[in-house]
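Read through the structures below before going on.
The following pair of complexes shares a single chain, subunit A, combined with subunit B in the former and subunit C in the latter.
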Partner chain A sequence: MATDSAAIKKKLLTPFNIVVGIILVVGAILTVVRFTKGLAGVTNLSDNNPWGIWISFDLLCGVALAAGGFTTSAACYVFGLKRYHSAVRPAILTAFLGYSLVVFALHYDVGRPWRLPYPFFVQSGPTSVLFEVGLCVFLYLITLFIEWAPSALEWLGLKKPRNVIVRMTLALTIFGVVLSTMHQSSLGALYLIAPSKLHPLWYSMFLPLFFFVSAIVAGLSMVIFEGTLSHHYLHGKMDKTYLREHDGVTLGFAKGAAMVLVVYFFIKVIGLTMDNNWHYLLTGYGAWFLVELLGFVALPALLYALGVRERNLKLIRWTAVLTVLGIVLNRFNVSLVAFNWQLAPADRYFPSWMEIAISIFIVTVGLLVFRFISTHMPIFYEHPDFREHAPHEGEEEEAPELTEHELKPHPQTFGH
Partner chain B sequence: MKRRTFLGLLGAGGAACVLGQSAQAAGTKEFPGYPGSHGVLFDATRCIGCRRCEAGCNQVNGLPAPPQPFDDLSVLDHKRRTNAKTYTVVNRYDNIPGAAGPVFRKNQCQHCLEPACASACFVRAFTKTPQGAVIWDGSVCVGCRYCMIACPFDIPTFEYWEPLTPRIMKCTMCWPQITTGKLKVPGCVAACPVEALVYGKRDDLLKIARGRIQAFPSRYLDHIYGEHEMGGTNWLYISGVPFKDIGLREDLGTTAAPKLTAGALAVVPAIATIWPALLVGIYAINKRRDKVAHEETVQAVARAVAQTQAEAGAKLAKVKADAEADKKSAIEREVKKALEEAAKGQTEEGS
Partner chain C sequence: MDTFYTLHDFLVYTKGAAYILMGVILLGILGFWLFITGRDEDTYIK
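The block that comes next holds the complex of A and B.
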């Protein structure tokens, strides 16, 4: 008995489990503090700074980085790039979890979370950009849930409902693209109402366009980045189709991202020119703006293009990381760094450690759910009963072990 | 002017369809405010910074007592803003060039003609009353605080310490008390000992302000702050020193807040209709391209097969014919040979 429990203890006390355990415990405690002491108990928010990192990171970055769902499904089902088919399911799952977490995080941020459905069911404010964001996110979350449902239904062996949903794929994809276009851009449009608070270099009437185009970049880069991580940690769960298509997806998406980044770069420059803001480039904010524009837009565009030309997957993967960081930087710049730029330094906002801890907690919850779903349901492989790809000649028709739990890191990742 | 043109192009039609009445903001129409709506005129040349207005406001609105009493003027040493327990504050501005001494200015909700908070609220918790006040309805507020982001004057405040029932707190121009007849004028106006505040119809206040400026041109700047700022406000200011020196921003422009987002909102119906058509079209084109490609492949294969078959047939026929000819000639040869041998035999026998 004694050796048994010791063995179990040893298995449970992996570094991963310890870190995750600490994060979950701290998150749970802070959740209690948030809902007993109010926002003042855990955040540095103030009357001057009503939105902090829960909006900047959890909402703005969360939604942008979950854009892989609509970009991948659109590429595969609408634009007919069928060779990306195996990337659709992981992307849809990431998007579904991303949006779920956004809504989960909002429950911490808003004053009365149980009223979040009020704009749709009690009293609507259609003149508000936030109403559009809310409505689109609400509808898109439902769409993503339906798009994701076949994985769960295959897992549960429910053929009929699964087939009904699969037949709706095109309609769901188009609905998803329309909703994504609207709310990705509207997140930028949220700031249109505050020209007096946002620095002119970031305020532009093109803000919705900037947010939408950069969300496409974010989506493509996240598919590459997330695919790399999954490759490393969930290699055992991937079937031959996924593995065969993986490099093609990486190269194809890198090419797409390079082109969209170039477009993004030029519309940013056009925005700068339209408002005649060139003279601001000589200020401190201008230097910071240039860091974002050159270091996190122009540079990744170049590196992606180079990576595609040289077929250098390692370079592409690192560029995806750089690009994702660039999108995060942009959202932070718009919502925090350049927002309220005219306030005295003492009145500016900096997040408390508790706000950061809750954001980490929410991301951790997302990772755990992602791991559970992708180790149990057909995400990286096709369920043997529901194949769309004909198995290649000479390849064994064998899905990875469904019940296997132990996850072995795969060596092929950034460093190799 | 650029934004105007943009809104003109995008706004008018689309927004009118989706947003109904409030979409007039997106067109070229100006909303001059509800006729006969009330407001307050603040005269910075009269204010003495006694904070009695703060006390009056606190009392009529039943707000909690501040840590320092209202007659303690040392609080003026620091710039203050409104908060969830204080609807109005007076600040002292020292060392203004051209001013003989410090200048005081009272701050509170400006009660915009087209309020940013009301336009930004996704549950329509804010109402611009026909009487002029902008009021907030706690029964629907979700606590998202977008109104605070939107307000160019940093007026709405939030009860951050409330765990589950935080409210948005701001000046109501004593609308509840005035409509129920408890008060005739807002608490701050009634408390002012030097008539730095005048409550009345906005049109009348504008006339009074112009009258004062005209009567004492050396005392006042020729500008009524709030007449056009952010599309106009019901609270108005006149001053002898530049407004930016007494904490009123001069870079807000005259565009009403709803117009800033109307253009973006007007694109929504366009996306909702054009996008699906475009995407279905792209899908159909791809599908057709695949189909045509497939058909072409099938045809090409059929052609190739037919051609190969024909070639093979011809070859076969030729081989057959050759074989036939070979056979024939072989038979002929054999027959000839046999005949020759037979003839030979006969001659041998005969000799």
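The block that comes next holds the complex of A and C.
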């Protein structure tokens, strides 16, 4: 008995569990402080800077990086690229969790969670861009929930409702694409109201277009990045179909990302030309703009292209990391670094450690939920009772069972 | 930095530059596509 409890204790006290435990405890304490002491208790926000890292990272980056859901499902169901079918469920799950966490994080910023439905049902402001963003996120989150539901229903063995939802797939995908197009671009449109606050190199009448196009890149790159990590940590939970299609998904999405990145690069240059902002490139902000444009847009486009041309999956995977960092950098630049750029340094915003800790807490919650769902529900494999395709030769009929021991990292990740 | 006295001057200048740039972009994207897909045919031949 004593040996059993010691073994359980040893099993639970892994470095991962300890770090996650500390993050969750700190996050819970800070949550109590936030909702009892107000924004001033945990943030460095001010009248000059009412939107901080929770908007920049949790919302702007969260929404952009969750774009893999609509790009993957559109590629598979709207454009008929069925060879990407195995990537749809992980992408939809990532998007669903991403948007759920965006709404979860928004509560920390706006407070009073019970008033969340007010903008839609009590005091709507239909002339506001923010209203459109809110409504789209609200509707898209419901759409993503329905798109994700078949995995949960298969897990629960509920065939009838699962079959009803599966028949709605195309309609849901189209609805999701429309909603994503609207709110991804509207997040950029939010900043059109602040031409005097946003640095001219980042301010452009094309901001909605920049945000939408870069979100497609973010979505494609996140599918590659998330697929790589899942391949590493959840290898035992993947069926042969997923594993067989994995490299094709990586190559295909890298090709798509390279083309969209190069289009994004060119429309950024068009934006620069239309506003005749070339002279700003010689300033400090100009140097930082060039770091973003050349180092995190042009370079990944070239690396993706080389990776696809040479069939170099390792290069593609590292480029996906660089691209994701580039999108995060862009959202930070627009909403923090280049925002209020003319203010004195003392009036500029820098997040408090508690704001950063809450963001880390939210990401950790997302990772745990992703891990739970993907190890319990058919995300990386087809449930044997709901197979759409006959298993290939040599493919096991049963879904792979995952034990804790099989959660050990797979050696292929970035070194394949 | 160029000096513009009217909005018309500014738009003629910037739109003119943008139109030239669009031609360059068209060729650039075509070249980039050819670069990416340059070895695709090899796969089909095999």
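As a convention for this text, the second predicted complex is superposed on the first by the 406 of 416 C-alpha atoms of A that agree within 3 Å, B and C clash if a C-alpha of one lies under 4 Å from a C-alpha of the other, contacts with A are read in each partner's own complex, and residues count from 1 in each chain.
As a convention for this text, a residue touches a chain if its C-beta (ideal position, glycine included) is under 8 Å from a C-beta of that chain, and two chains touch if they have at least 3 such contacts.
Keep in mind it's a predicted model, so treat the numbers as computed, not measured.
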Which of subunit B and subunit C A:Trp341 touches, first, second, both or neither: neither
Touching partner for A:Val262 - first (subunit B), second (subunit C), both, neither: second
Residue contacts with subunit A in the superposition, subunit B compared against subunit C: B
Which of subunit B and subunit C A:Phe386 touches, first, second, both or neither: neither
Partner chain(s) touched by A:Phe131 [first = subunit B, second = subunit C, both, neither]: first
Contacts of A:Met205 with subunit B and subunit C, given as first, second, both or neither: first
Subunit B versus subunit C as contact partner of A:Val308, first or second or both or neither: second
Partner chain(s) touched by A:Met274 [first = subunit B, second = subunit C, both, neither]: both
Those residues of subunit A which subunit B touches in one complex and subunit C touches in the other: 274
Of all residues in subunit A, those that touch subunit C in their complex: 255, 258-259, 262-263, 266, 269-270, 273-276, 279, 301, 305, 308-310
Touching residues on subunit C, where the partner in the complex is subunit A: 1-2, 10, 13-15, 17-18, 21-22, 25, 28-29, 32-33, 35-36, 38-39
Complex contacts: residues of subunit B adjacent to subunit A: 2-3, 6, 18-20, 22-23, 25, 81-84, 116, 118-125, 140-146, 148-150, 152, 154, 156-166, 249, 251-253, 257-258, 260-261, 263-265, 267-268, 271-272, 275-276, 279-280, 282-283, 286-287, 289-290
Parts of subunit A lying in touch with subunit B, wherever the complex brings them together: 34-41, 43, 45-48, 50-51, 74, 77-80, 109-112, 115-116, 118-119, 122-132, 134, 170, 174-175, 177-178, 181-182, 185-186, 189-197, 205, 208, 274
